Every structure is written in C-alpha cells, then in structure tokens.
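What follows is chain A paired twice: with chain B in the first complex and chain C in the second.
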Partner chain A sequence: MSVEVVSGNHAAGYALSVAGEANRAARGASCGIYPITPQTEIVEYVASFPFQKSRVVPVESEHSAMAVSIGASLAGARAFTASSSNGIAYMVENIMVAGYYRLPIVMVAVNRTLGPPWNIWADQGDTLMLRDFPWIQFYAEDNQEVLDATLMAFRLAEDHRILLPALVAMDAFIVSHTQAETVLPDQSAVDRYLPELDLPHRLLHEDPKTLGGLAWPEVAMSLRLEIDEAMDRVDEVFGECRAAFRDVFERDPGGAIETLGTEDAEIVVVVSSSIATTAREIVKQRRAAGEKIGFVKIKMFRPFPERALREACNTAKAVAVLDRNYAAGVGGVFWQEAKAAFQGHRDDLIIQDYLTGLCGGDVTPPMIDEVIADVTTRDAETKPIWMTAP
Partner chain B sequence: MNGDRPISTLEQAPPIPCTEECLLRPGNTNCGGCGMGVGLTMLGRALAEADDTCTLAIPACCGIVTAGAFPTTSYGVPTVATTFASAAAVAAGIATVRDLNEERGQVICWAGDGGTYDIGIATLSAAAERNENIIYICYDNEIYGNTGGQRSSATPPGARTTTTPGGKSEEKKDIMAIMAAHQIPYAATLSIAHPDDFSRKLKTAFNTPGTRFLLMHSPCPTGWKSEPADSVELVRLAVASGLFPLYEVWNGSAWRINVEPDWTSPTEYFQRQRRFKDGEIDLQATERSCRDQFKRLKTLAQEFPHKTEEG
Partner chain C sequence: MAAKTLPQTVVFWALMLESAKNTMVEIRIHGRGGQGGVTLAKLIATSRFLQGQSVQAFGLYAAERSGAPIQAFCRYSDDTIHNRNLIYEPDHIIVLDPTLVGPGITGGLKPGGWILINTPASPDTLQEQFSSNRLATVDATSIARRNKLGTRTVPIVNTALAGAAARMLGFDLDEMRAAVEHLGFAGSNITAAEEAYDQLRVFEPASLPTVSRSKGASSTGLYHTDEERGPSFVEGAGGGLPGIETGLWATEQPHRQQFVPPCNHVCPAGNDVQGFLAALANDDVDNALAIIVRTSPFPSICGRVCPAPCMASCNRIELDEAVNVRQLERYAGDNGQATVEPLTTRDEHIAVVGSGPAGLTAAYHLARLGYYVTIYEQGWEIGGLLRTGIPGYRLPPDVLDREIGRILSLGVDVEVGEVIDRNRMLELTQSHDAVLVATGLQELQALRLGVGDAEAVEQGIDFLDRSHRGEVRVDDEHVVVVGGGNTAMDAARSALRLGATNSQVIYRRTRNEMPAIKEEIEEALQEGVAIDFLIQPITLKVNDGGGSNQRRHKLVCRRMELGEPDESGRRRPVELDGSDFELECDRVILALGQSPDLSVFPEGTEVRQGQELLGLLETPVYAIGDLATRDGTVAGAIGSGRRSAFHIHNTLNDLEVPVTIQTETSSNVEVWHNDVIRSDSLKLHLFERRPASDGVAIAPEVRRTTFDEIHAGLTDPSEAKRCLSCGVCNSCDLCVTFCPEGVLKRVGSDLIFDYAHCKGCGICVTECPRNVVFMSHL
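On to the complex of A and B.
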C-alpha cells in the first residue's frame, strides 16, 4: 500500500489496471480504449500499464471500445473501459448490449456536459442518460472513492448473483484533474480482493451457444425479469463487497449512501458526487450551530437505494435535492428518483429540486446556504429551481 | 406470474446432435435458395477438414436470424450476435482473449454487405489497420435482406430495391480494393459456384494469421427476385461474365486471378432477376466496365504476382 498525491483520473486508471492484472492467473484482461477530455488520462494510464496477461486495444471509436470489451468479456477476460460525454453517447448502443448480455464490464465515466454547446465541464447528464439500462451506477465524491468504488464494482459485477456491468462516475476536472492524497492498494491486496473471473455464459467450443439471437416475447421478458431480480440482490451483495473490502484493505469504503445528522434532521440535503464535499461541510457547521439539518450523499444511483434514503429522511419535513444534471422538460434526475422513492410512503414530505452547477458551474457554499434557506421556509414544492452561483 | 419463466439467460437448450462439420444445422430459417446456407456449410466442412473450429461474431443481418429463436439455435459453434456496426470489434475482443490464452479456433465474422460496406466499415477498417487476428467473411447479397430489401453501397447499378424503386443510379463500392489497400495479409473473393476454389481459399485464410477478408457473392432469391433453383447458376454467370471476378490479394501487394471469365454475356444474369428491369441496364457499358476492371486486375496479377505457394 502507498499513499500518493494523484488525480482522480490516475486513481481510476490505477484501479482498472490492477483489477485487470488481478485476473492474470485466469483468462487475463482486455479492453478497448478511446480518448475524450476529461477522461483521456485514464485510458493513457491503462495503455502504459505493464500487464502480464492483457491486451489494451486502441480502437477507432467509443462504439468499438465497448464492442472490444464485450468480445473480451464474452471470452472470459476481465474487461473494462472509460469514457465521457459525447463518447458515452456514441457508445450507447454497445453499453446497452453489455448490460443485456449480463457482462461484468466496468466503465469509469468522467461526467462532462453533453454538447452542444461544446462544454467540457462537470454535468452528470451523460451517464444519467443510461439510467434505464441494466448497469449498476456509482457516483464517486473524490479520488479515493473513485478507486474504492471501481475495485468494488468489479467484485460486485462479477458475483454470480449479479452479473451486471457497473459504472463509476466522477465529476469532470473537479475530481478527474484534482490531485489529492489517495491510498493506492498493492497488487497483492487487490489479488486477494478480486477472485478470478468466472463468467458462467462465456463462449465455449465444448458447449456452443448462440447469444443474442431472436427471442419470443415471453422468453425475452423472462430475461428482463432476471435482470430485475439481479438488481434486487445488489443491496445485499454490495454489503458483502464492502465487508470484504474492509477485511482486505483495512478501510471502510462506505455504503450505498452516506448520512450525517439524519437521526434528528428536519431538513435533509441530498447530494451526489463532488458537491458532497461542500455540502457536508456546510451541514456540519450548521449542525454545530444547533440547526436540525441532515446530509445524504447518494453514491449508488442504480439500483437506487430508496429504502436507505427513506430511512435517512424519517424525521425530515423537507428534502432539498441538488442535481448537477437536467432531464429536459422535467428537472433533475436524482430528484425524480427521490420523488419516486417517497411516493406512497411520505406524501407529506416536501421534496424540492435545485439545479446546481449544471454544465460545470461552481456549487459554492453560499449557494448551498441559499438552498437551505429556501427549503426551510417552503410549505409546498415548486418546479425545479435553477440556481446560479451568487 | 413472478418466477415462472421458460429459460434463463445463462442456459440454453442442449444442441441438436450433429457431426463436427455441421456448423449450420438443418432446420435453419433461411429462405429457399439462399446463398448463405451454402457458404456456411462449406465453411463448416473446410473447418472440419482442417481439423479446426470457430467462434462466430454475427452483426444484425439475415445471418443472425438464421440461428432461429432462443433458446434453440441452428449454429453448431459458439455464436454471438453483435450490434450492426460492431462485428469486427467484438471479434477482435474474442480473438484477443483466445490468443492471450493460446487457444485454438478461428474467430470469424459472418456479416452482410450492409454491416460491411456501410455501417460497419469504420469498425472493419480499424480492425484491419490493427491487423486483428480474425477472419471477416462478408456474404454479399447486394441488399439489406433482413429489413426487407433496401439498397446498400454493394447494390449494383440498375437494381431496384425498396429505397431505389427506379433502379440504383450509383456504382457498387469496390470493397475488395478498400480492404486490399489496408495491406491485410489476405483478401479473396468467393463464389459458391466454384466450390473447390472457395474451400481452398478458406484454408488459405485459416493458415494466414492477421486480418483476413473474404467476399462471397451471395444469391438472395428474395431480394434479387429470382428463382431459388437459379441461385448457383446466377453466381456462376456473374463469374463467367466478369461481373464478380475471383481473385486473391496478399498484403495489398500481390495479386492472383483464380478464374478467367469466358465473357458470357451478362444478359441472362440480368434477365433471370426481376430486380433488374428489361432494357434498363446498359449492357454495353456493363460489359465494358467488367472488361476494364478485369484488365486492371490482370495487370496487377502480372506485374505483382503472388509468388510463394500458401499451405
């Protein structure tokens, strides 16, 4: 183990590489890679990693990057890739296939605004576009969480009770390009954490199957139902992955959500990704001043940890959801998910959406104070509120 | 109700027993007279003769419909359906892991002209440029068969399709020249009317590492509006009249012609397919362009002949 000052991209590249290397005694690792700002450093890191049993394939497009990873995964190798923004949009067709093929591919995504206009800064719209796909989604707050969530993503995705791809997202530049102290676990520890990949439906000459051909409605539907059942098991299996992480790395990587002060909070601020760092500080300060404010960070977005969120808001009268993303004509995506989570459970609860830091805007402490001031005095919800830095 | 389901994703009905060479099992869903069935059968036979096997990567096209409905399949080898544009990239991933693990078996893309000349060309070009260790076979029926018969850039001039109802006005793309320009180890054209030549080229491909590209002229009675019983005869006429020359290219730098056209008039070829309308094909121009194309190939084969005998 070493503690180094590295960027979020470096942490991601390291995690993908050591995870791939950890499969060297089995069928190895492979991935298709393609650059796009601000994730390029991740694929550059992977391309220069001295793997013992791996081939990194520098392809001509994100569409093919995921296709190569799909082929490699189907052949039983540990497969992964990284992308961002328009790259994810271009990759979508094969992202979908990886999910419906139940392939435990891990993708690190750097959340960047979808164009036009051309904007390379943080916005979660690119990965939230994938919210209805059979992918597990994590939103990491900082460099350490990028690394930890990526390692956990492999273990979770490859578990036979799950067999779904997983993505780990981080905010463009704020995390991807900010250097911070990060614990980089040794290869030997990662070897212990990640069992050899054993894909039950890998392509075999001895047992030839045809994957992805025509299926009649009842068969196709039963395959969808199996995905739903796997999604239902994520909570439990993720708990095991967290416990195993603690055993091997002697640190707690955190759960699907993180809470602070929710035991008595009347107001709860719900955030994700790097906004959590700022929001947590504000909530801490205001609690120290005696205010009954709580903090929830949603790290696992898919499957959405609805029960945990409901429990965290047990005592709340109002919830402020901060969304660095915008679904056209609706509002923030985390807000929509939160609304659905409380529907029929807490119809008295005010759940207000605040669109903060869209397209890379800064989410400053005064902005979060302003959100708290608004939600505290609110006796009814209104349309999502567009916030700009004061 | 919840829990009642016929099959799991991860399981499949046991295969119908078949001989080792049975790559395509009986009972597949191809139209009568489809060239693809003949091509796949010859591929299976050539693999068995070479004591080899394969994994198929098939993009959206008639070739994946051939498998029939999950959980049964007509394919006797591991087969994966890829997105329309991705066969060469998925195959590259599979072949990469095969090679990392030093395993046997070809990784073969079986793709239509739409997935090759059109939507998949960037993927194929990139795989060829990286010299991925795969065999890419395009069965060229000169039409989007699976979606009911639209034009592709492989559709020949004059052919009526649902999107060129008055006959296509553009030339057929020269995919062989494009692939040869990638300087891949081996590229060849195949005709099911010349089975010995077909098998020999498959075996050459099996024994040549790197990206190998094979273009098979694939009769399609449904799209060509021809009689199923005419299929082999039609592609034989295409070779004889110089419309579909049979040749091989090594490394984009050495050529060999396999069958000399006897310059049969292409009239019959056109007349026996209702996709071509009487009087709409400029026969003289077609014959001229066939002769010109063949002359260019012949010059290349004379100036830059393939020297060493392949195994």
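On to the complex of A and C.
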C-alpha cells in the first residue's frame, strides 16, 4: 500500500488496471478504449499499464469500445472501459447489451454535461440517462472513493448471485482532475480481494452456443424478472463486498449511503458525488451550533437504496435534495428517486429539489446555506429550484 | 422555473472557513497553457503532502490550448480539507507569465498575501500596482531556458517557480526538492528549483492592511430575474460562449503580406503583369486594359512583338510551363476598352524628337500628366521602327494605327517631315520647356565585303522599310541574311514572302547566343528559313560560273568557334584558320545591329538613360529609348519613355512622384516586400498542372506566302487563370475556407482577421498557395 497525490482519473485507471491484472492467472484483462475529455487520462493509464495478460484495444468510437469489452467479457476476461458525456450517449446501444448479456463489465464514467451547448464540466446527466438499464451505478465523492468503488464494483458484478455490469461515476474535473492524497492498494491485496473471474455463461469454442437469440415473450420477460431478482440481491451482496474490503484493505469503504446526524435530524440534506464534501462540512458546523440537521450521501444510485434513505429520514420533517442533473420536464433524478422511495411511507414529508451546479457550476458553501435556509422554512414543496453560484 | 425569495441566509460556510483558517492555505496560480501551472500546483501540494498535510491541486479546465491563460489551484491543511470549490479568496497568488499581471488576476486575494511573479523585474517596481500585498519576483523564464526546460519559445517554468514558492512560503528547500523528485523530475528541474530558491527577491511594504477574512456577502444563486440568465438558445447564440476571446490563447497571429511577382519585376515596360492577368482571370478585359495603360500605351503591340522576359521568369515554369503573358496582353489590347484622358492641364510645352515606341510612350505619359506635347518626326509616318522595322505579318499596320491613335487622342501634336539637326535642336530648346530625344539607333553597323555590286548588299532595316512600302521583290533568289537578331529573322522571313526560293541566315555564334525572340526563331524555321551557325562572311564575289545553281554571287565565309565571353557576356566567336568556303547567293542582307546617331547633340555629349544632358543647354534635354539604352526592344523603349516622362515631371515641378507602380490589390496588406518571390516560396503542389494556351496559329506553309498576321491570338482569356499570382492575394479564399474557427473573413479585396478569436493555429498559412499569409510571434 502506498499513499500518493494523484488525480481521480489516475485513481480510476489504477483501480481498473490492478483489477484486470488480478485476473492474470485466469483469462486476463481486456477492454476497448476510446478517449474523451475529461476521461482521457484513464484510458491512457490503462493503455500504458504493464499487464501480464491482457488485450487493450484502441478503437474508433465509444460504441466499439463497449463492443470490444462485451466480446472480451464473454470470452472470460475481466473487462472494463471508461467514457464520458456524449461518448456514453454514443455507446448506449452496447451499454444496454452488456447489461442484458449479464456481463460483469465495469465502466468508469466521468460525469460531464451532455451537449449542446458544448460544455466539458461536471453534470450527472450522462450516466443518469442509463438509470433504466440493468447496470449497478455508484457516484463517488472523491479520488479514494473512485478507487474503492471500482474495486468493489468488480467483486459485486462478478458475484454469481448478481452478474450485472456496474459503473462508477465521478464529477468531471472536480474529482477527475484534482490531485489529492489517495491510498493505492498493492496488487497482492487486490489479488486477494478479487478472485479470478468465473463467468458461468462464458463462450467456449469446444461448446459453441448462441447468446441472446430470439426469445418468445414469456422467456424474454422471465429474463427481465431474473434481472430484477439480481438487483434485489445487490444490497446483501454489496454488504459482503464491503466487509471483505475491510478485511483485505483494513479500511471501511463505506456503504450504499453515508449518513451524518440523521438520528435526530428534522432537516436532511441529500447529496451525491463531490458536492458531499462541502455539504457534509456545513451540516457538521450547523449541528455543532445545535441545529437538528442531517446529511445523507447517496453513493449507490442503482439499485436505489430506498430503505436506507427512509430510515435515515425517520425523524425528518423536510428533505432537501441537491441534484447536479436535470431530467427534462421533471427535475432532478435523485429527487425523483427519493420521492418514489417515500411514496406510501411518509406522505407528510416535504421533499424539495434544488438543481445546483448543473453543467459544471461550482456548488459553493453559501449556496448550501441558502438551500438549508429555504428548506427549513418550507411548509410545502414547489417545483425544483434552479440555483447557480453567485 | 420556480423563482422564490429566500429568507435571510445564515452564513455557516463562513464559520467553516473560520475553523480552517489557522491551518488551510489556498494558492491560486495564473499562467498560460504549456507553462506547467497545474504541475506547479501539484509540486506545492506534494511538498506539503510529504510533510503530512492534506492537499488538493487542480486546474480550471476549458478548451484551452498552448498559450491560453489558465488558472490552477492548490490547497494544503493540517486537517482534512472539506471543500471542493474553486478558490475565490486565495491566500497567495503565483503568476507564471508577466504579461498576465494586472488587476484582474488579484481578484479576491487576501490583503497581506504574497504575489509571486515570474519576471526579471525587481519586486519593488510593482509596489504601486499591488500596494496591499507582499511581492516576490524571480526570473524563472531565464532559469528554465538556462536549464533547457521546455522550448526556447515556451520554457516550462514550473519547477523554478516551485523553488521560489518554497522560499516565499517559508518551506525548507529540501522539502520542495523532495516534492520535485517525488514527481519524477530530476537533474535540471531540481537545479532550476534551487536556483530560483536562491534568486527570489522579495518586497514587503512597511505596513500591511489588517488581515480580515471576508464574511462573504453571499448573494443568492437563484435566478430571480430574466436579466440574471444567459441568452435564449433559440433567440441567442445557441448557448455558446461568444464572450470567450480565444485570441488570448494565441502565441502567433496570421498577417497579410505581399511580394513582387517576378513578371512585374522584370517587365522592361514596368507593367503590372500580375494585376492585368488577375483582371483577365476574372473575365474583366476592360479592367485588364486599364491596368496596362497605366504604364504602357502599346498592349496590342507588345502582345505581338515583346520577347516577354516575364514568361522567362514565370514561376509557373517549375510546375509546367510559363503563363502565356504575351498573348494575354495582346488579348487585352485587342479586346478591351479603356478611356485615357489627361489628368489635368499644364502650360509647359515639351518636344519629343522621334516617334518610335520610346518617344510615343513619353508623349503619352506627359500628355496624361497634362503637358502640351509636340512630336517631331523626320519621316512622313509616325511609329518609327514599329512601322518600318517590323513586318506586317508580325505587327499589322492597323494595330499600330489604333494604338498610336490612343496616344494622339490625348491631344499630342505631331510634326512630320521634321529633320532635327544640331541647329534645329537649339531652336527646340528655346521654344520648349524640355526636349526628349528618342531617335533610336540610326547608325547601322556595316560589313565591308569588298564587292563592287552594291545592289547585292543591303541593310536589313532598309530592306524591311522597302518591303513595308512595297518597293522590293526577291523572286527566285537565294537570299543570305547575316545576323542573329530580330531584324535578321524579320528580313529572312520577309524574303520568303517576297518570292525567295532560299532564305538563309548565317550567324557567327550559335543558337544559344541569338538575341532574336525564341518564338520568332521557331517560326522562321517552321516557315523554311535555314539558319547556319558559326559562320562569318568575309567577301562577296561575283559568281563567275562553275557553281551548280548559277546564283549571281559567291559569298566567301569562314567557320568560327566560340571562345571566351566578351563584354556582353556572350562567348566571342573566333575564326578558324583554313576553314573558308563559298556560299552561292543572289543577295546579302546585313542585320548586324545598330548604334545611336549623336550628331544632333553638341560635341562631347554623353548619353545616359533618363539623364539630363548637363551644362550644354539651358533647357532640360533628355536622351531616351534605344538612343540612351541600346536595349533594342519595344518594351524597353516603353519603360524608358515612361520613366523619362516622370523624371521630367518631377524635375519641372520639384516633385518625387514614384515611377514604380505596386500592384494595387487591397488596402489591408500589412507587410509590403520589395523583393521578388521565387517558386520555392510557393506551394506548387496545390496547383493543377495544365498546359499553356497559345491560340490559333496559321500553318507555316500558308503564312510564308503572305504578309497577313501569322497568329490569330487567343479566343478567350482563360489562359490567365493559370497565373499563380505569386506573392499577391488573388482572393482564392482557401484561407477563409479552411479557417477552422471561422475568424477569417473576406470583405471585398480585404482579408479581415478576427484577432479577438483567432487562436493562431496557422492553417490559413498552410493553405495559402502563394505565401500571402504569414504567422508572426506575439
């Protein structure tokens, strides 16, 4: 183990590479890669990593990058890739295929605004458009969480009770390009954490078969239900992955959500990704001043940790959700999910959406203060409130 | 959208900053893309990380490229850092490029904080500008260059500034050295850090303002009014960022220049060749003619008889073959319409003696300048050798009349039958304000062939004059022409048309030394003229019988060989002993060259081109044309006439009107070069190869029988499109088409560069085939 000052992209590239390398005694590592700002450093890192057994394929587009990873995964390799923004949009068809093929591919996504207008800064709209796909999704707060979540994503995705692809998202530049101290685990530890990939439906030349051929409605629907059942098991299996992480790396990587002060909070601030760092500190200061306020960071977005969120808001009268994303005609996606989570459970709860830091805007401490001041005095919800940094 | 007034904000974020203030330091770095600003942030962060502190280092990224102003940030703290925002109120700032120094970069800087600037200037020179701060400077650029970090133009200054920052912030040099090494830098980077650490100069004001942390009058981030929002995508600019002046990123900018094309440079008449070709390429024949008659009144004549040095110098030869400028000039002269009028009226009366091309051109320009001009011609027709010395099959008389008519239409008077001797010259000087003498080369070079039969030997000029007047036939004769110039060719070809069975040219040197126009030699050979080289006639004898053809005479000739070059640069012919032989013939025509007749001038007069004949007469008298230059071409005579006209104009009016005419393409050429552009400065690979057009020529066997013009000329001016327009913008607009940023526009003949948004990529320069656009460093 070493601690280095590295960027979020570096942490992601490192995690993908050592995870792939951990499969060297089996079918090795493989990925299709295609660069895009601000993800480029990740694929550069992967392309220059001295794998013992790998096939890193530079391709001509994101669509092909995922296609290569699908093929590699079907052949038993530990497969992964990385992309961002419009690149993910172009990759979508194969992202969906990877999910329905039940392939444990891991993708690191750097959240960047979908254009037009052209904008390279942080916005979660690119990965949240995949929310209805059979993919597990994590949103990482900082460099360390990018690395930890990526390693856990492999273990979770490859578990035979799950067998679903997983993505780990981070904010463009705010995390991807910020250098900060990060624990980089040794290969030997990663080898212990990630056993060799054993894909049950792996393609074998001695046993040829077709995957994903024509299926009649009752069969296809049954496969959908199978995915739903796998999603239901994620909570439990993820808990095991977290415990194993603690055993191997001697650190707690955190759970699906993180809470602070929710045991007695009347107001709860719900955030994700890098906004959590600043929001957590504001909540700490306010609690120190005697306010009954709590903090929830949603790290795992899909499957959405409904129950955990409900429990965290047990004592709350109002919840402020900060969304760095916008679903057209609706509002923030995290807010929508939160609303659904409380439906039929807490119909008295005020759940107000604040669209903060869209398209890369800085979410500053004064903005979070304003959110708290607003939600505290509310007696009803309104449509989502749009906020920009002053 | 919900717009709602929020209650008074409780500023807990300020408490949060307060709690961190004793330990967290925030630094903002200003530089340009490529200088290593983000790495500098990482170097500082790493040096603190290695001391056990929590750190952040990051850049503010956009679509920058090398040279664009950038910002980078660094935080370090004893406690975990609980902030992921940009740094709005830095404790210190570091400036990598001194050109960025200004009030803009110190925004939010805490009073008393350090400003570290990469500059050779002393820090106290900046104290007025930044009175509330401590100042530090170091010449990191020189340190980086000395240590060969980056390139000479873009030195990478980050490791030097890391050393300087360490000193400024009170770190141990070893702590920064450790960071530099930790990031994998070695050798000269460490030396640079050490040098900067040692060379840092600081200035601390006697009193600094009290450090008070802003409580941040927090304005709400809500959109309260429409004014706080950006433009509509539909009504505005699609949400784009027209406000970003990407020109700030540029380290180089394109500019427009113009060179002298070789054709313009060599034209003896001083014509704007490229200019009139451009007009023809644009199908604007009238404008082409208007451009030519600014300098020459004889486009139809030069378009037929000029040796065309423009074509010999044409850069297009390197691609395929020269542009057929001669025929294009003829096309403009024959098909264009241009009105010429005197520009003003003046009182001075100027005499021009001689009506050849030099005299006529001088008269033309003087008349246009408004002078009263009288031409004195000893013959009964004007035109000089243009009329008598050039056969009609090359220059039809109606063409000559038309162009002379243009000159006379300016109000030029002509006195024919005026023989000017020395006395008459004195009279002219008394009755005129200036006299130009353009009598050409009247003295014909003779050759003593020692024969009594003077009928058999004749000067070429005289032969052509008699031919012109219809006074000579040479039916069934064998005619020998001695010489290698245009007169020899004209005489030999005329002899064929006058009935000769054999027309033979003998020349004492070789074809390489022949002064005649290349095309004329070709045409003569096509028509059946024989040309024999390295032969010198010695004597002419009456044929006393014995020969097979029964010609009237025998010309005794001697073989020659080429020796050392003479003063003309051509190799001198040397006689070969014992090589004499006899050539039977009926007639010998001498075309050996001419020399000036100076008998009209006072004794001792020295004739120089465009020069006043000093001290001899009170009135300015000038010798012009062949009389002064012995050039021997129409184009040379035109140039001499025009230069002399302007010289007189300047002398009489004490002016300095320039004689040279620059191609007038547009008003926004920024750099005018006086040097000639050569083919190696052009991008010839961008042009298609295409053979030259030469129009319709009459078959040799037909034309040798008649004095009708041998060439019908071009049927259209499309040949002009082959002109490469060397070094002169011809609005091809490749630059505009290929500009990836759309910051280059054409407005009329101007190229407008939008420097506020031009990033200096240089594609316009790469695409310009004619070296009109160039990059210059900022």
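What to note about this one:
Following the convention adopted for this analysis, the second predicted complex is superposed on the first by the 388 of 390 C-alpha atoms of A that agree within 3 Å, B and C clash if a C-alpha of one lies under 4 Å from a C-alpha of the other, contacts with A are read in each partner's own complex, and residues count from 1 in each chain.
What we mean here is this: contacts are C-beta pairs under 8 Å (C-beta built on N, C-alpha and C of every residue); 3 or more make two chains touch, one makes a residue touch a chain.
Since the model is a prediction, treat every value here as computed from it, not as a measurement.
Once the complexes are laid over each other on chain A, chain B and chain C both fit without any clash. Touch criterion not met for A:Gly344: it reaches neither chain B nor chain C.
Of the two partner chains placed by superposition, only chain C is touched by A:Arg280; chain B is not. In the superposition on chain A, A:Gly290 makes contact with neither chain B nor chain C. Once chain A of one complex is fitted onto chain A of the other, the partner contacts of A:Gly329 are absent, as it touches neither chain B nor chain C. With both structures placed on the common chain, the touch criterion links A:Asp369 to chain C but leaves chain B unconnected. Contact with chain B, but none with chain C, is seen for A:Ala67 once the two complexes are overlaid on the shared chain.
By the touch criterion defined above, A:Pro50 reaches neither chain B nor chain C. When the two complexes are laid on top of each other via chain A, the two nearest Cα atoms from chain B and chain C are 24 angstrom apart. On the side of chain C, the complex with chain A involves touching residues 1-2, 4, 6-17, 19, 38, 41-42, 45-46, 49, 54-63, 81-86, 88, 216, 218-223, 233, 238-241. Residues 5, 38, 116-118, 120, 142, 173-175, 177-181, 274-275, 277-278, 280-282, 284-286, 289, 356, 362-370, 372-374, 377, 382-390 of chain A are the ones that touch chain C when the two sit in their complex. Partner chain B is touched in their complex by these residues of chain A: 27-28, 30, 32, 53-55, 57-61, 63-64, 67-77, 79, 93-94, 97, 102, 163, 200-201, 203-205, 207-216, 218-219, 221-223, 225-226. Across the interface of their complex, chain A is touched by residues 2, 5-10, 12, 15, 53, 55, 57, 64-65, 67-71, 73, 75-83, 85-86, 88-101, 105, 122-123, 125-126, 129-130 of chain B.
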